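Each in structure tokens, the structures are laid out below.
Both complexes shown next keep chain A, but they swap its partner, so chain B is in the first and chain C is in the second.
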Partner chain A sequence: MKASRHSSIALVNKTAPYGQANGQESLDLALAAGSFGQDIRLYFIEDGVFQLLAKQSPACIDAKNFSKTFAALTFYDIEHIYVCRDSLKARSLEPKNLCIEVEVLSKNELQQHLSQHQHILSF
Partner chain B sequence: MILHKVSTSPYADSALSHCLKLLTADDGLLLLQDGVYALTHHAYQPELANLSHLYLLADDITARGIDSDITLANATQIDFDQFVALSLKFNQVMSW
Partner chain C sequence: MASFSLLITKAAFDQQDAYSAYRFAVSALKLQHGIQGVFFYQAGVHNSNAFQTGHSDELNLHQKWVTLAKTHDIPLLVCVTAANRRGIINQQDALDLDIKHFNLSAPFTEVGLGELVELLNTSDRVLQF
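What follows is the complex of A and B.
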């Protein structure tokens, strides 16, 4: 589904969840913007796909399991979550390994999608 | 038409390599800060030399003493005012 050029924001997540705070910050932004009715779409590429893994238990490294929050995105009217197929494949992952339903995109689809947004924020 | 902005050294992280995967023919690539070290990287030189919209922040090249011999013929060196203009010319800016 095409995002409308004039209202949408792409949040592109490229980093793994616990080494840096990027993932948590991106999610906080998504929830805040979602609360204000912004058209937000999330993209997960490269190591960012690791944020979506289903079986994370980071309590043992004193980190919060923010992946639980992905399931709540739908309540903030954030329905479009896209994942890069090549990035999954390179990391021996499949959509069934992820904690939520996502739309898997080829490189070409990803390029097309990103070019449709008014703003791109990367984390 | 996205302006992709790479500001880290390709010897230190994968920003440039990830960016090049998604770059389309219409997109621009701007190398700035440590991103300009990509000019010295043998593995990236051929691909960079083929880009039709390659921009380099001139001050960052000068500051780092990068040899003008290796700045590519297809690249446009820009100053900060042109950087602003460029970010308006492209539809979006994506920072890697």
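What follows is the complex of A and C.
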């Protein structure tokens, strides 16, 4: 099997922000891949949905508010941002609580989307 | 024959992940597959720290990577931002920042995330450990 030149990449975000650096470094990779013209799509599942919360104020724990950068993803041609419906519900969250517009998917839909990617990286 | 690249996001010693990646590389090469490159990101950059000086009867994964890279001519690519955040620094950056010591040297090289994107584009499979 030969990899296609512009293969699609999924970045799956599973952890809450600040407690671990995963979210910030996943976003760094998304921006890098976006600036290299890759077809990259972001997925937020489990505690990863907390990364997208609006009105974060991590300055009080001396952390950088990287969630501000999510609004800039569109300038990197990263237009597909998917969030797990069950993960939101389990945390009493709704799409209106998030800082950007996302596509909310069921578990089945998530599996279908993920199966179409050439590469899946997980953070 | 397939071409693989490895993405290492876990530190050496603390977790088994990076060692599993090393074992995968050795096995794949034995079966005539290619390893295009090994990319160290997040805590994975600790693999590149040359100051790993554990007990002599314990595994030194840094040394294993060095030998593997030299034997099979495999690029060991370390994300410079992730590395600098974690106290991994090469000679030039140490000089520029007036820091006395450095702990990253060949065959490990400091690169940008674009190199990981390149590996994603040119490998049949990228495995994350």
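Note that in this section the second predicted complex is superposed on the first by the 117 of 123 C-alpha atoms of A that agree within 3 Å, B and C clash if a C-alpha of one lies under 4 Å from a C-alpha of the other, contacts with A are read in each partner's own complex, and residues count from 1 in each chain.
Here, a residue touches a chain if its C-beta (ideal position, glycine included) is under 8 Å from a C-beta of that chain, and two chains touch if they have at least 3 such contacts.
These numbers were taken from a predicted model, which means no experiment stands behind them.
Engineer: Applying the document's definition of touch, where does A:Leu53 land relative to chain B and chain C: first, second, both, or neither?
Structural biologist: Touch status of A:Leu53: no partner.
Engineer: Comparing chain B against chain C, which has contacts with more of the residues in chain A?
Structural biologist: Greater contact footprint in residues on chain A: C.
Engineer: By the touch definition at the top of the document, which applies to A:Ala63: first (chain B), second (chain C), both, or neither?
Structural biologist: In the superposed model, A:Ala63 contacts neither chain B nor chain C.
Engineer: Considering only touches as defined above, state whether A:Phe36 meets chain B (first), chain C (second), both or neither.
Structural biologist: Once the two structures are laid over each other on A, A:Phe36 reaches chain C alone.
Engineer: Give one of first, second, both or neither to describe whether A:Leu110 is in contact with chain B, with chain C, with both, or with none.
Structural biologist: First partner only, chain B.
Engineer: Can A:Lys14 be said to touch chain B (first), chain C (second), both, or neither?
Structural biologist: First partner only, chain B.
Engineer: Once chain A of both complexes is superposed, is A:Ile100 in touch with chain B (first), chain C (second), both, or neither?
Structural biologist: neither
Engineer: Is A:His119 touching anything from chain B or chain C once the two structures are fitted on A? First, second, both or neither.
Structural biologist: both
Engineer: Taking the stated contact definition, name every residue in chain A that is touched by chain B in one complex and by chain C in the other, in rising order.
Structural biologist: Correct list for chain A: 5, 118-119, 122.
Engineer: Going by the contact rule set out above, which residues of chain B touch chain A in the complex?
Structural biologist: 1-2, 14, 18, 21-22, 24, 91-96
Engineer: Once bound in the complex, which stretches of chain A touch chain C?
Structural biologist: That would be residues 1-3, 5-7, 9, 21-22, 25, 28-29, 32-33, 36, 38, 118-119, 121-123 of chain A.
Engineer: Given the complex with chain A, which residues does chain C contribute to the contact?
Structural biologist: Spelled out, the residues of chain C in touch with chain A are 2-3, 7, 9, 41-42, 81-82, 85, 112-114, 116-117, 120-124, 126, 128.
Engineer: Could you please specify the touching residues of chain A with respect to chain B in the complex?
Structural biologist: Within the complex, chain A contacts chain B at residues 5, 12, 14, 45-46, 86, 107, 110-111, 114-115, 117-120, 122.
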